Structure formats: C-alpha cells, structure tokens
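Down below are the structures I want you to see.
One chain, chain A, appears in both complexes that follow, with chain B as partner in the first and chain C in the second.
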Partner chain A sequence: MDTVTITMKNAPALYLEADTISPDAFAGKSAAQIAELPVFEGNNPSTLGKYFEVTGNAGATAADTRIVVKGDVKRVKYIGFRMTAGEIVIEGSADQYVGGWMKGGKITVRGNVDAFAATAMKGGEMVIEGNAGNYLGAAYRGDWRGMSGGKILVKGNAGSDVGMYMLGGEIVINGNCDVHVMTHAEGGRVIIRGNAASKLGGQMVEGDIYVFGSIDVMMPGFKPVDEVELTVDGTKAKFAHFIGDTGERHKKKKGVVVYGNLYKKI
Partner chain B sequence: MTKTITDVICPFCGTLCDDIEVTVSDDGKKLLEVANACVIGTEKFLHSQSTDRVTKPRIRQEDGSWKTISYEEAADYTAKALAKAKKPLMYGWSSTNCEAQSVGNEIAEIAKACCDNTAAVCHGTTLIAVQDIGLPTCTLGEIKNRADRIIFWGCNPAHAHPRHMSRYSIFPRGFFTGKGQMSRKMIVVDPRCTDTARMADVHLQVEQGRDYELLNALRVAFKGEWLPDVVAGIPAEKIREAADLMKSGRFGIIFFGMGVTQSLSKNHNIDIAIAVTKDLNEYTKFSIMPMRGHYNVTGSGEVFAWQFGFPYSVDLTRGFARYNPGDSSSIDLLKRGEVDMMFTIGSDPGAHFPISAVRAIAKVDSVCIDPHITPTSGVSKLHVPVAFNGVECGGNCYRMDNVPIDCRKVVEPPEGMMTDLDFLTMVCTRLKKLKGAA
Partner chain C sequence: MAEFIIKNGHVFDPVQGIKGDKKDICIKDGKIVDKVSGSAKVIDAKDKTVMAGAVEIHAHVAGPKVNLGRIYRPEDKLFSCTPTKGIERMGGGASIPTTFKTGYEYAKMGFAVAMEAAMPPLFSRHVHEEIRDTPIIDEGAFPVFGNNWFVLEYLKNQEIENTAAYCAWLLKVTKGYAIKVVNPGGTEAWGWGLNCLTVNDPVPYFDITPAEIIKGLIEANEYLGLPHSMHIHPNNLGNPGCYETTLDTLKIAAGIKPKNKFGREQVMHLTHTQFHSYGGTNWGDFESKAKEVTDFVNKNKNITIDTGNVTLDETTTMTADGPFEHHLTGLNHLKWANCDVELETAAGVVPYIYSPSISVCAIQWAIGLEIALMMKDPMRCYVTTDHPNAGPFTRYPRVYKWLMSEKARKAQIEAFKHKDKVLSQTAIGTLDREISLYELAQMTRAGPAKSLGLAAMCGGLKPGMDADVAIYNINPDKPIANPDDIEKAFSRCAAFFKSGVQVVSNGEIVNNGNKRTLWVNVKAKENPQVMRDINEKFVKYYSMTQANYEALGHHFVPNPYAIEVDATN
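On to the complex of A and B.
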C-alpha cells in the first residue's frame, strides 16, 4: 500500500469542497498529478495543490492507496466522498460530509467531524475518535435511503438525527447522543453506550437501538414487552425490550408483524 | 375629492386578504384611509405615507455616515460586489413579487450564488418534511366551506394572522358549514394559553418541545395501541378523546406554525403531523396547511422550485442547484463564515437571525434592498430603498394555500423611486456585462 500525505499549507478564506480527496481519485497518480485535482472554494474552481502540499505517489488502485491528511482541515468538506477502497487518515478534525456515500475502505478521523458524515454510506468502516455532528449515517436531504451497510464507531458523542432513514449497517457511539435516533429507519442498528436524549426510534419501521445509559424521554409509540439477556458489542447485560413505533406502518413476515426494537440496559 | 379602490390585496401576511378598501387622493399620490384590513395590514399601507422615508440609495462611508447616491451607482456597486464574490448569499424575497424573484434568480445563476428565502427561519422545516413524505393539503376556500374540525398546532392566528379565523377557518358560514363557528370544533395545541387557545373547544397544553411525542401518541391512539399514562404532560385519556374528536369530523384541517417548525424536532414535527393527517384519511377527510408568514414567502418557494427545483436554501456555487439545509441554509452559511457577500431583499435578517449571523453580515460586502430602515439596512454597506410592493406597485403573490393572487398598485411611489423589479433588472444587465454572459 502506497501512502500519499497531504498537508494544509494555504488555508481557504471560505470553505473548500474537496470531493477529490479519496483513494479512488488519487489511484494511479503521482504527487504532481494529485496536486492538479480540482477543488472548489465557493464558485471559484481551483486545484488541490493550491491549498495542500502533496507528497508521495498513490498506489495503482484505490485499494493500494492510503491518504494521510495533515494540518487544519476544519474548513474542508467531502473528504472520502464516494470512496470504494483504500484508507484515509485525518490527523485532526474535518468539516461536513466526511465519507459521504462511501462504499468501502476505511476512514479514521483523529478529531471531530461536522454534520452529514457517512451520508448514505453503503459499506466500509469509519472510526471517529472525537465527536460526530448531526445526521451521522443519515439519508441525504429528501432521500429515503440512509446508511445501508458498513460500520461506524464514534468514540466521543454524536449529534442529532443519527441513522435517519437507516436501512442497514451498524453505528456504535461510545459517548452520548442527541435527539432523534433512527427516525424512519427500516433496518440496521445503533448502539449508544452513553446516554440518549429523546425521540428514539420515532416513525421507525424496522431496526434495533441499544442504549446502555439513560433515556430522557421515551417515545409513546414504544411498548414495553419483556426483559432479555443479550451480548451487545462484546458486553453481556440484561435489557428492557420495547417494540415500536406502534403508530407507524409495519411489514408482516410469515404472518407476524415486524416492529423496530429498542433495548435499554437495566 | 377622494376615490375609493375596492378589492385591494393586503401585502402583509400569508392570508393575503383580498377585500381591502383603500381611499386615495384624487391625483392618486396620497393614501388616506384603509378599511377592512387588520391593524397590522392597515399600518403596512399607511407606513408608505410616512414623511421620513428614505427615497434615494445610500452608501456607507469610511466614517460610518451615509452618502446618498443614484440608483445607477447603486446598481454598479451591487453588480460588482456580486461578480467579485466567491460565495455570495442572496437572502429574503418574501416581501416582493414573483416577477422580481424570477429576475433575482437569474442574477443568482449568473453570480453562482447561494439563494434562500425567509423560510430558512420559518417554514423551511415544513418544506423538508414535505419533500420527505408529501403533503395532503387543500385551499382556504375548501376549509371555509367544508371543514368542521379545525386544529391550530403551535400557531396563534389571533395575533399573527388576525383575519384568518374570520375569513376562512372558524367564523365564516360556508356551503356545508352554514352555522359558522357552531358547525366547527376547534382544537388548539400550544404550551401557552394564547388568545387562540382561549377560544378553543379543546386546548391540549403540550409540554414545551414534546410535540413530536404528542403527535406520535395520536397516531398510536388512532390504531388503539398501548399508551403510557401521560404523554407530553397530557393524560392518555385526553389524547384518546382528542383522537376520537378528530376522527368523528367530516372534514378536518391542521394549521401549524412556528411553535412546531422552529422548536425541538423541527422538520420531524411536521413529518409526523403529515403522517397523522395521512392516518386520519383512513377515517375521514383531513388536510394540513402551514400558516405562512410573509405575504409572498409561498411565492418565493414556488419561484425557486420552478426555476431551481428546490423551494429554499439553494446553493448554485458549483453551477448547478444543490439543496441541503444545514449546509446551504443562510444562518449556517453566515455563522460558519462560508459567505463573502450578503445581498438582502424584502426581509430583515438583522432583526431575526442570531447575533452571530448578523455580525457575519457586517463583516462582508452587503446590499440591503428595502423600503424601510431596518436592523439589516443598519449593518449593510449599501441601502437601496424601493417602492412598497402591493401598495406602490403590483405583482404576483401566492397565498399560504398556494393560490396565486395579483396584488394591486393603489398609490404612486415618491418621485423617482424604483421598484424591486426595475432595480434588479438594472443589476442583472450590469452583471451580465461584467461576467460576459449573453
């Protein structure tokens, strides 16, 4: 695997849309060719090399390419946009749409990410060592297809609207989580190791939510059914089991109505 | 001698009353009296006659004082600022006509700007929900003639849309609602005991920020499923009664306002309220309608959607239209420091945006097109006063139920004063030259 290191040297005055920072766009290119890749600052077209110092050549394919992003990229959007393979390591914090629509490969962020990370993610792995913003693993605005595969780990806290319209895959949040988890979801699972706020599983059709900490306010559409012993994310514990959202439409499988599940650790 | 003009449209709120009578002087230069309008609408007409109006464009000088300039110079400044900017934001549009909005969109496309209307701090969340799950709606005429279950959720028309209840929703005697108020049941959902709530047959005093839970509980109640004893501060029994009251009507309508669109859950509140409406259609006929604020904010959404495909918060910087409130919405753009030029027309972000966003306006090149002196004109570099749309010039507007109504000119503007449309056309011509567009 070949490593390309890009270091922020001329910070943009506004925000940078750098959807070309991905192993797919870098693959098969030399450092000089990578520096020529297009980026946008507002309506002004520019090149990656104007803002970043690029060292190292990329591998022949995306899978053979590792990108290390150094310097302050808090004002850079779309890192890892639509990536299918390879690896990106962001040494600091990044702005919106990190790993948006990603299908494979791995993204590691040492700091925080802003909103819309892993929008409509289909596969691959994302590790955020800091906090995540709103709409993590959610659908893009107006779409009904959120995250459908892959795995996200947030070591800090997450914002609101985690997993909106989620269809599959897994999100683990080690910290706390803001309002609206898996709204409109039709699959997948979200594990919250810290505390959750409220509106968990509103309008949820299918899917699983696990909460290890407290829940401020439960949705009235979640009905308590029983207590179960489960092993979740390597931890064995007893959980109170709720089904819902009982106000929402639900499919039947083999004559039985399938609800969304909410498990709260007792 | 004076003359009275009848059937005038009121350019204040989204109710767009069309029965105003205005008395003007014989030469048509002075507006003397206004009849039938609410107190706010009356003031809107009479304010055009104030003697301290700014009638010429003014530019801010180094020392902070204003210098009067010509409309030509103002158009030059605006076009140059738009041409130079990497990410201009063109915000407002809700208090001007659709013709001006359309020219504004042409400018935005040439300048590759972000454009947004006042829905950003108002019913934008409604538009997000509508895109997510659709909107079963109707016209205000249908409500007047048919509706016997009226729900006001998080809105207070007694103060914000003063003639709404008398013209459309509660008091009028319609074709199938011959007994007026007596033929209707009124439910108000509001954490406060407002003047609207005081009139209601049922007032559900929901806990602040728990509308989403209450709407969810209604959906559960329709299906006869299990409910906790108390939801959002309201006993389950009362929720089941309210659900039965809604189901028992022949035609129901949910009107909703800022109380749900801009409180916790935002678009999700509307999303689930639309789902409630959809559920109710299994038992009876039900509709839902946003209580739009500015008289032509609906029109702005229509024009944006017609020309760009999205109703607000449109980002054209890459040469094609993108829409993702949170990224492309005005307050976020300003607070995050994403824009380098601010163009405001027909609205007052200076009064309604968070102070951090207003500070951002003050830091960049800024143009404010507004007949009034406002907090926005106060922080802008250029203030271009224009004629009052709907008073001093006509043009197309959309009522809150998406019905287009042409407003009328009733009085002459001060001499030499331009309209929004004229000024924007001047800016557009200059911008085309600067950008080399055909």
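On to the complex of A and C.
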C-alpha cells in the first residue's frame, strides 16, 4: 500500500469542498497529478495543490492507496466522499460530510468530525476518535435512504439525529448522544455506551437501539415487553426490552408484526 | 434573419411523405422556404438524419406541483447539477429539472414545443412564470376542467353552451391551450374522502357521473372548435383491472365527430395509456391489457393516444389526481404532498422508484412499449413518459431505442429479475416490430402536432411551416450496429434550429432562441349568465378576487402566440 500525505499549508478563506480527497480519485496518480485535482473554495473552482502540500504517489488502485491528511482541515468538507476502498487517516478534525456515500475502505479521524459524516454510507469502516457532529450515518436532506451498511465507531460523543433513516449497518458511540436517534429507521443498529437524551426511535419502523447509560425521556410510542440478557458489542448485560414506535407503520414477516427494538441496560 | 440551407441530409417528414430521401431544407426568416439566396449559410448534414422539431404533447414541466416536487426533493438535485457553461445557466434536478435545464434538455434532443399537461387555473400565474423562465421551447398549458364546480354544475343540467362559454373564458384568463380532464369527478369526490373508480360512480353533492362530465366536455370542445381535443386522464388510473374503466371512457367518444378548422381528426386524446391498460385483480396477477385498449383505439379513428412509457428510473410522480397520490404513498411509504385547489382541482406529489427488480415495474415497462408497438397508425400514437410520472423526459432517447430495436428490448427483458413474469403477463416477447425513423417522426412530430391542431405550424418541413429542424447523427443507409447508438444520437442533436435560429450545435446550447407561449383565444358569444355565475362564485367562494385571477399578458405571458378561434357562429 502506498501512502500519500497531504498537509494543509494555505488555509482557504472560504470552506473547501474537497470531494476529490479519496483513494478512488488519487489512485494511479503521482503527487503532482494529485495536486491538480479539482476542488471548490466556496463556488470558485480551484485545485487541491493550492491548499495542500502533496507528498508521495498513490498506489495503482484505490485499495492500494492510503491517504494521510495533516494540518488544520476543520474547514474542509467531503473527505472520503464515495470512496470504495483504501484508507484515509485524518490527523486532526474535519468538517462536514466525511465519508459521505462511502462504499468501502476505512477512514480514521483522530479528532472530531462535523455534521453529516457517513451520510448514506453503504459499506466500509469509520473510526472517529473524538466526537461526531449531528446527522451521523443519516440520509441526505430530503432523502429516505440513510446508512445502509458498514460500521462506525465514535470514541467520544455524538450529536443529534444519529442514524436518521438508517437502513443497515452499525454505529457504536462510546460516549453520550444527543436527541433523535434512528428517526424513521428501517434497519441497522445504534449502540450508545453512554447516556442518551430523548426522542430515541421516533417513527422507527425497524432496527435496534442499545443504551448502556440513562435515557432522559422515553418516547411515548415505545412499550416495555420483557427483560433479556444480551451480549452487545462484547459486553454481556441484562437489558429492558421496548418495542416501537407503535405509532408508525410496521411490516409483517411470516404473519408477525416486526417492530423496532430499544434495549436499555438495567 | 439569417438564411440557412441544410444539405445532403436524409429527410424524414411525414407531412410531405419524405422517407429518408436526400433533400435540401431551406430556412429563411424563421420559416421553411423553397429556396434561399446564395448567401445562405450551408449546413452539411451528410450521413445524418433530418427531422422537424419534436412536439411534446403531455409533460409536467411548469407550475405549482412541479415546483413542489423541486422544493421537497432536494435529493433529486444532489448528483444532477450542471454548472454554468457558455451561455447556459446552471441547472439541476434529474426527474424535476429546473426551468432552465428543462428548456436546454428539450432543445438538445431537438424538441420545439412542449405542452404542460395540467394547469390549475387558480395558479395559472405561477405556471406562466415558470414557462416564461424555460428557455428556447414553445410551450402551452392545459387548464384542468374535469373537477371544476362550474363545469359540474352546468353539465349536470346538460348546459353545453354555458360549459363552452365558461371554457372559453377560462382559456382566455389563464392563457390556456386545451381542455384537460383528470380523474373526472374523482378528484372532487376525494374532498368527501371518496373517489370515482368507474365512469358511472356519482360525484357526491354534484350528483353527476364521470361519463356525463367526459361527454359534456367533448361536446363543449367541439362546440367551440378548439385546436386540440378534450385531453383525458381517465378514472381509476394505475389500478389492476383499470383497463375496463379505460374502455368505458373511450366508448363515450363513439359517434362524435370533430369540428374544427385546424385539421384535427380526433375528439378525445387519451393520455399516458400505459397507466390505464392494466388487467388482473391485484399486484400478484397484474397483467397487460395493452391489446384490448389498442384494439379499441385502432378501430376508432376519432381517438388519439400517448404512451406514458416507464423508463425504469427513480422519479417523482405528480398529478391532479389527488386521490391517486394518496393511494400511492400508502403503497410505497415515501414522502407525500397533497393539495386541494378550491373550486377547481387538487394535486399530489410522491417520489417513486421503478425498479427493474420489481415485477410490477418491469410489467409496466413492457405495457408502455406494447402500446406503441400495437398501435397500427403512428399518426395517432405519440411517445411520452408522462414526465416525470413514468420517467423523466430526458429518457426519450432510451424509449426510442427500445421501440426501434428488438435487440435492445430483449436485452432489457433479460436484465429483469422477474423475466418470466414479464413474458407471461405481457406480449412484449412476441412483438418483433421495430419502429422506423419515418414512424418515429410520425409519433414525435407530425402526429402530436396534428392532434394539437398545430399541423400547419410545426411537426413538418413543408415550406411555410416554422423552421424547427433537428439534425441527428444517424445514417439511415447503414444498419445500426449497437442500439445504444440510437439513444446517443437522439440525446444530443448535431444541430437544432428553432424558428429559424440555430439553438444547438454539436449537442451544446448556442442560442437562447425566441421562446413563445402558445394559447388559445376563443371569440365566443356573449353569455351574461356565465359571466354572472363567475362573478358570484368569486364573491361567495374563491379566496381571491376576480381582479387577481387573470394571468395578465404583459407580465406573465411576455411572448404570447395566440391561436384565434371564432366560436360566435
């Protein structure tokens, strides 16, 4: 695997939309060719090399390419956009849409990510060592197809609207989580090891939410059914089991109504 | 204005019966002429196909429901934006493109005219504002009449003359083009939580049936002698078994003769026939009844149809058939908008994905093509996708490919997940007809122009007609090696002239042309009773005053082209 290191040297005056920072766009290119890749600063077309120092050549394919992003990229959006393979390591914090529509490969962020990380993610892996913003693994504005595959681990806290319209895959949040989790979801699961706020599983059709800590306010559409012993993310514990959202439509599988599940550790 | 001579092209013109002969086409002052001076600019069309500009008879391209789709579907624009390029302004949207993108995309495919198929009269100002902002193509809009309180009240008492006077007034104030009927009576019934699923279901309160509304509006249309016929989206759209309602609707036209001075020969235009040709009793035994419907239309010369081909895309359905959209959101659970338009109509919008791996969608695809292939007279069957309901209009070239190549159809059938079901529930596998370029010119140019009463103006290349000329990169002398070449050629014209101005060169927009709004100005007999009724309804029921209702020419319709109709005799 060949490593390309891009280091922020001239910070953009406006937000940078850099959907070309991905192993797929870099694959087969030399450092000089990578510096020529197009980006937008605000609505002005520009090139990656204007802002970043690029060292190292990419591998022949996306899978053979590792990208290390150094320097302050807090104002850079769309890193890892639509990536299918390979690896990205962001040493600091990044702006919105990190790993949006990604299908494969791995993204590691040492710092925080802003909103809309892993929007409509289909596969691959994302590790956020700091905190995640709002709408992690959610659907794009107006869309009904959120994260459908892959795995996200947030070591810190997450913002609101995690897994909105989620269809599949897994999100693990080691810290706490803000309001609205898996709203409108039709699959997948979200594990919150810390505390959750309120409105978990609103209009949820299918999917699973696990909460290890406290829940400020339960949705009225969830009803307790039983207590179960489960091994969740490597931890064995006893959980109170709720089903819902009872105010939402639900499919039947083999004559049995399938609800969304909320498990709260006892 | 400049003169042009298009040399050496293979010309397909049903108006003059030219079937691919090499013929020079001369353009002067916006019209086709017999000859031009030596200073005319020469356009070489060697090994290319030359046709008149295409005519769109039914699409939803302007107005409140289209705009609602744009507003509530930001995801439709997500990966479909086109930045500013040359003289092109930025555009966006796949199934519901922005006004600018709409104009550009039609022009790039060689379209000169497009008809907005459902204008809520109350919002005619909005419709015309969008038409004004859609460049290049000439457009008209059909106001909807089939659930209008005036129409229901007059027709209940069989007052054809009053209905006609009201239609003439409404066409004038809304700058409308034709009488459109959507789910007659059913949309109004929905206000009571009901629908009309057959032509004999009574409309609550008004105590009239869809059959009476349809017959009355055909008679009013012919009483006035409008350029287009009554244009109908029948009851019971999109339900298994709906073909029976369709046949009942078509039978209402029996024996009625067209009366007009525009060369139109039909009294009823059945739109998006695909959605109305379903058999079966549920989605499990869903099957094609294209044969039954086309057999009837083939035998009855006073009916024209358009296809409504499913293109297997993610799209946005929108119709004035309010109850249908409510029904649809219950089927696919996607986001939904519905709206009632006071005394006139309603509308709804729901996104829809025609997935090739769902058997119903694949059967719908087959039915649309069957209709076009089973219709014997291409002058009476026009290609549409009911944009954006069965697919975006930008997919026309793909539909042409399926119609012109059995190989392309077979390849698509092979790609379906439920191939065997498509073959057992439809006759698509048995149809080997391939539409010729001449027939395509009939189905997309001369035919729809004649049906719209525009035969003297567009749809052909006869001297005296508007100089709308499209040149495509297809050499009819050579067999088409790959059906995808058909799609590619019709997607982007080599050149397109709109009213004598070259607007497209090598698939790129080079001029914003001289767009016009077509509307029908009927000179009708004075009818004080109807004028009094209109005044009373505005005072009693409308949420706006009559003074704010009219789509005034100077602002809303800055480039009108009025088609004059004298109905005083």
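In the analysis below, the second predicted complex is superposed on the first by the 266 of 266 C-alpha atoms of A that agree within 3 Å, B and C clash if a C-alpha of one lies under 4 Å from a C-alpha of the other, contacts with A are read in each partner's own complex, and residues count from 1 in each chain.
Definition applied: a residue touches a chain if its C-beta (ideal position, glycine included) is under 8 Å from a C-beta of that chain, and two chains touch if they have at least 3 such contacts.
Everything quoted here is computed from the prediction, not taken from an experiment.
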Chain A residues touched - chain C or chain B, whichever exceeds: B
Which of chain B and chain C A:202 touches, first, second, both or neither: first
First, second, both or neither for A:214, with chain B first and chain C second: neither
First (chain B), second (chain C), both or neither touched by A:144: both
Partner chain in contact with A:10 - chain B first, chain C second, else both or neither: neither
Footprint overlap on chain A, comparing chain B with chain C: 140-142, 144
Touching residues on chain B, where the partner in the complex is chain A: 85-87, 111-113, 128, 131-132, 210, 212-213, 216-220, 222-223, 225-228, 231, 264-265, 268, 271-272, 275, 279, 316-319, 323-327, 336-340
Contacting residues of chain C [partner chain A, same complex]: 72-76, 78, 333-335
In the complex, chain A residues that touch chain B: 13-15, 17, 40-44, 77, 96-97, 115-116, 134-135, 140-142, 144, 179-180, 183-184, 198-199, 202-203, 217-221, 223, 245-248
Contacting residues of chain A [partner chain C, same complex]: 140-144, 249
